[in-house]
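For reference, chains read A, B and C in written order, and residue numbers begin at 1 within each chain.
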Amino acid sequence: MEKSLAQLTEYLEGELVGDPATKIRGVAAIEEAGKGELSFLANPKYAHLLKTTSASAVIVARETSAEGIKTSLIKHGNPYFAFAKAVELFAGARKISPEGVHGTAVLGEGVKLERGVHVGPQVVVENGVRLGRDSAVLAGSFIGADSSLGEGCLVYPNVTIRENVQIGKNVIIHSGAVIGSDGFGYAREKGVHQKIPQIGGVKIEDEVEIGANVTIDRAALGTTRIGKGTKIDNLVQIGHNVDIGKRCIIVAQVGIGGSTKIGDDSIIAGQAGLVGHLNIGKKVVIGAQSGVTKDIPDQTTAFGFPAREIRKARRIEAHLSRLDLYVQRLKEVERKLKEMGRTSP
Amino acid sequence: MEKSLAQLTEYLEGELVGDPATKIRGVAAIEEAGKGELSFLANPKYAHLLKTTSASAVIVARETSAEGIKTSLIKHGNPYFAFAKAVELFAGARKISPEGVHGTAVLGEGVKLERGVHVGPQVVVENGVRLGRDSAVLAGSFIGADSSLGEGCLVYPNVTIRENVQIGKNVIIHSGAVIGSDGFGYAREKGVHQKIPQIGGVKIEDEVEIGANVTIDRAALGTTRIGKGTKIDNLVQIGHNVDIGKRCIIVAQVGIGGSTKIGDDSIIAGQAGLVGHLNIGKKVVIGAQSGVTKDIPDQTTAFGFPAREIRKARRIEAHLSRLDLYVQRLKEVERKLKEMGRTSP
Amino acid sequence: MEKSLAQLTEYLEGELVGDPATKIRGVAAIEEAGKGELSFLANPKYAHLLKTTSASAVIVARETSAEGIKTSLIKHGNPYFAFAKAVELFAGARKISPEGVHGTAVLGEGVKLERGVHVGPQVVVENGVRLGRDSAVLAGSFIGADSSLGEGCLVYPNVTIRENVQIGKNVIIHSGAVIGSDGFGYAREKGVHQKIPQIGGVKIEDEVEIGANVTIDRAALGTTRIGKGTKIDNLVQIGHNVDIGKRCIIVAQVGIGGSTKIGDDSIIAGQAGLVGHLNIGKKVVIGAQSGVTKDIPDQTTAFGFPAREIRKARRIEAHLSRLDLYVQRLKEVERKLKEMGRTSP
C-alpha cells in the first residue's frame, strides 16, 4: 500500500509541514527509517534525531519546531496515538487466524465454538468451554472446564487458563500466562500448613491485555477481577481475590497481595509490591519498586519503600543525598560548642 | 449436601452461638454469602461485615463478641483452619482425575505408572520416569528422563519437570512452573563466560506446593532441596544448590541466590531477595522486599534493604520519617550558635 | 572413564600437589565427594572443607596452602573454569538429541531443517522457520513463523518463540521462556488505552543463554537485541527495543524498561530494575535490588534505590546505620545550648 502525505495527514487528522505529494509505503523507527517511510517522535529526549533521520516524514507533537528540519512533519495533538493508527494502516492491526480446529487439538464434551473461532495445534480445551466469535487459541494453550472467552479474544501459544475463568471480549493473553492458579492460602494447625481449597473464580473484563508469564490466582471464594481496559505487563503476580478497576496500567514484575482493591485509572510502575487487603483509590500512581503497606486515597502519587506521598518521599530522598553534609554540620556544631565550653568562664 | 449448624459445629469442633437447627448447604465469601451459606472472618479488619452479611452463619475467632450480630456464629480457636475444613466438606478437596493415559500423551521407555495414575492430553513423559499411585499429570506437561513423582502428586497443565528430579508424596505443582532448569554458573576465561555444566538434581519432599511460573534450578553438583511441607507462591526463583527446610512459606516473587540454606519454619515475604551462600536460621521471618546480604540467626525477624533486625530497621524507618524535622532542628542549632557567637564578648 | 591425577592435571593445565597415580572416575560436590572423585573449591568461605572432604582430589586456587590437608590438590589460576572442564570431561557437556522429527510434532510449510536437527514431541514449528545444523527443539515448544535458529541451538521443553525472531549459533533457551511477546505500549486517547501494534523483531546473538520463564519483548519497530555471549538468569523481563551488549550477566528477576541500552561486559545483579530509555555504559556493575533511573557511565559500579555510585551509596548506608546515634548527638547539642542559654547572662 502507498499513501501520499496529503492522504495520510487527513486520515490521521494531523497538520502537514512538508510536501503533500510525498509517497509513504511503510513505517519504521526513526533511526532506521528511509525514503518512503513514516516514523514518529514522542519522547523529546530524541528530538535531535529529527535532523539526522532519513524518514520521508515524522509524526511529531503539535508544538515541535520545524526549523532546520528537512524531513516532512505531521503535527498531531497525540503523536503516539496517531502513529499507532499509521502502524495499523500499513502493517495491519493483527493477523487473523483462519477459522478451524487443528487436527492435533483435543476438545472436551460440550465445547461451544462460535463462528470464526481458531483452535491451534496441540491445544487442549476441556468440557463445557465456550469460545466467542472470531477468538483464536494458539498452539499448546490449555483452557480448563467451564471457562469462557468472549468475542475477538487472542490467546497466544502456551497459555494456561484453568477451570471457571470468565473472559470478556477482545482480551489478549500472552504466552506463558497462567490464569486461575490456586491462591496462596494455608491455615497453620498442629504445626503444619493445611491448604485452604481455592474454589472461587477469575473474571477478566473486556479489552484487557495480559503479558507473558503473568500469574493471576483464582479467588479462595468469590472472584479475582481485572477491570475493563486494564493492561498488565509481563511477569506480574496478582493474588487471590484481588480486584483491579478499569483502565489501569500494571507494569512488569509488579506483585499485588491477596484481596487488595485498586481503583479505576490507576498506574503501578515496575517491580512495585502491594501487600494484601489494601484499598488503593482511583487515579493513583505508584512509583517503580515501591513497597505499599497502607491504603492510598484517590488521585495520590506514592513512592518509595515504604511508599509515601510523593512530596514527602522526594524530600526524604533529597535529605538522604545530603546526609553526608548534615553529619559534617552536626560535627561542626559539636566542635563549636566544645570550644565555647572551653572559652566560657 | 446439607448440614445443620449443630452437626457442622460438632464436625468443626467449634462453639455455636445461634440456632442449631439452621441448615447450611454451601460456603461463600462474607460479602456474597446468602441464606443457607456459611462464611468466615479471620481478619479483624473486616469485623464490621458481621453486621451486614446475609450468611446464615460465620466462623469467627473465639474472642469475637456476638453483641449486635444477628447471624449465627461458630466460634473457633483457628477460624481459618475450621473454614478450610468446611470448604473441603461442601466443595470437595480436589477433583480426582480418572485413571488412564490420554491417547495424545507420549510416553518413553521404561515408564512406570502406578495404580490410579492419570496422564492428560499432550503430556510428554520421558524414559525411566516413575509416577506414584494416584498421581495426575495434566495437559501439556513434560516430565524428563529418570524423574519420579511419589503418591498423590498433582501436576497442573504446562508444567516442566526436567530430568533427574525426585518428587515426594502429595506434592502440588502449578502451571508454568519449571523444576530442574540449569543453575546460573559460568567461569570467565579469556574474556568469555564458559558454562559450568549443571549436573546435579532437585529433590522436592512430601507435601510441598509450588506456585505458577516458579523456577527451581538443578544443582551444579549435589542437590537443590525443598523440605517437607514447604509452600512456595507464584513467580519465585530458587537458585542452584539452595536448601530450604521444612514447613517454610515463600511468598510470591521472592528470589533466593545459589547455595543459600534456609532453616525449618521460616517465612520469606513477597519480593524479598537473598544473595547466595547465606545461612538463614530456623523460624526466621524476612519482611517483604527485603534484601538479605548476611546470615540470619534462628528466630530472628529481619527487614529492609539491606535487611536488618526488625527493631533496628523500624527505628531507621522512623528516623527517616522525621528527617525533615531533624534537619530543621540542626538549622535552628546552627542559628543559635551563630547568634551566641555574635553576642558573646 | 578413569584418569590418573597426572593425566588430569596435564589436561587442566594445573599444578599437582599429591600422588600422580591416584585414579579419578567422576566429579562431585566437596561435601559429598568420595574416593575416586574430584571436587573443587572456588569460594574461600568453604576452605575448612578441604580438611574434612573425602574427595580424592580438589581443584583449588593457586595460592591455597596445602598445609594440614591430606587430599590431593590441583592448583589452578582459574579453579572454577578448570572444574567446568573436568565436569565436561567426566559428565559430558550436553546430551545430544538424535536427529529426527517426532511423529507428534507439527511443522508448517517451507520449514528448513538442517542436518542433525532434532524436533521433539508436541512441538509446533510454523511456516518458514529455519532450524540450524544440530539444533534441538524439545517437547512442547513453539517456534513462530519466519523465525530462525542458528547452528547448535538448544531449546528446552515448553519454550515459546514468537514470529520473526532471529537467533544465532549455540544459543540455549530454558523452559518457559517467551521470546518475542508484544512490547507494552499504548497511546491514551479518549480515555482508553489504544494498543500500539508491536511489529518489530528480536535478535539473539551467538552463545547467549536465556533462563527459565524469562520474557523478552519484541520491538515496537526495529529490534530488541541481546548481544553475543550474554547470559540471562531466570524470570528476567526485557522490554521492547532494549539493546544489551556482548558478554553481559543479567541475574534473576531483573527488569529492564523499554529502549534502554546496556554496554558490553556489564553485570546486573538480581532483582534490580532499570527504567526505560537509559544509556548504561560498558563494564557497569549494578547491585542487587537497585533501582536505576539515570544513565550510568562506563566502568561504574552503582547501587541502591535510587541507584548511586557505589561509594556515595555505601556512605549513605553507613550513615543510616548510625542515624540513631546522630539523633542522640543532635539532642545532646540542643540540651547543651539550652543550658548555655540559661546560664549565660
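Quick note on the criterion: a residue touches a chain if its C-beta (ideal position, glycine included) is under 8 Å from a C-beta of that chain, and two chains touch if they have at least 3 such contacts.
Everything quoted here is computed from the prediction, not taken from an experiment.
Counting every residue number used by either copy at the subunit A-subunit B contact, under half are found in both chains. Superposition angle, subunit B onto subunit C, using Cα atoms only: 120 degrees, a multiple of 5 between 0 and 180.
Subunit A and subunit B have Cα centroids separated by 25 Å. Counting partners per residue, subunit B has 104, 122, 140, 158, 176, 213, 235, 253, 271, 289, 305, 320, 326, 330, 333, 337, 340, 344 as the residues that reach two or more other chains.
Across the interface of their complex, subunit C is touched by residues 27-29, 31-32, 39, 43, 45, 78, 80-81, 83-84, 87-88, 91-94, 102, 104, 120-122, 138-140, 156-158, 172, 174-176, 207, 209, 211-213, 229, 231, 233-235, 247, 249, 251-253, 270-271, 288-289, 305, 317, 320-321, 323-324, 326-327, 330, 333-334, 337, 340-341, 344 of subunit A. Those residues of subunit A lying in contact with subunit B across their complex are 104, 106, 122, 124, 140, 142, 144, 158, 160, 162, 176, 178, 181-182, 184, 186-189, 191-197, 199-200, 213, 215, 217, 219-222, 235, 237, 239, 241, 253, 255, 257, 271, 273, 275, 277, 289, 291, 293, 305-306, 308, 315-316, 319-320, 326, 329-330, 333, 336-337, 340, 344.
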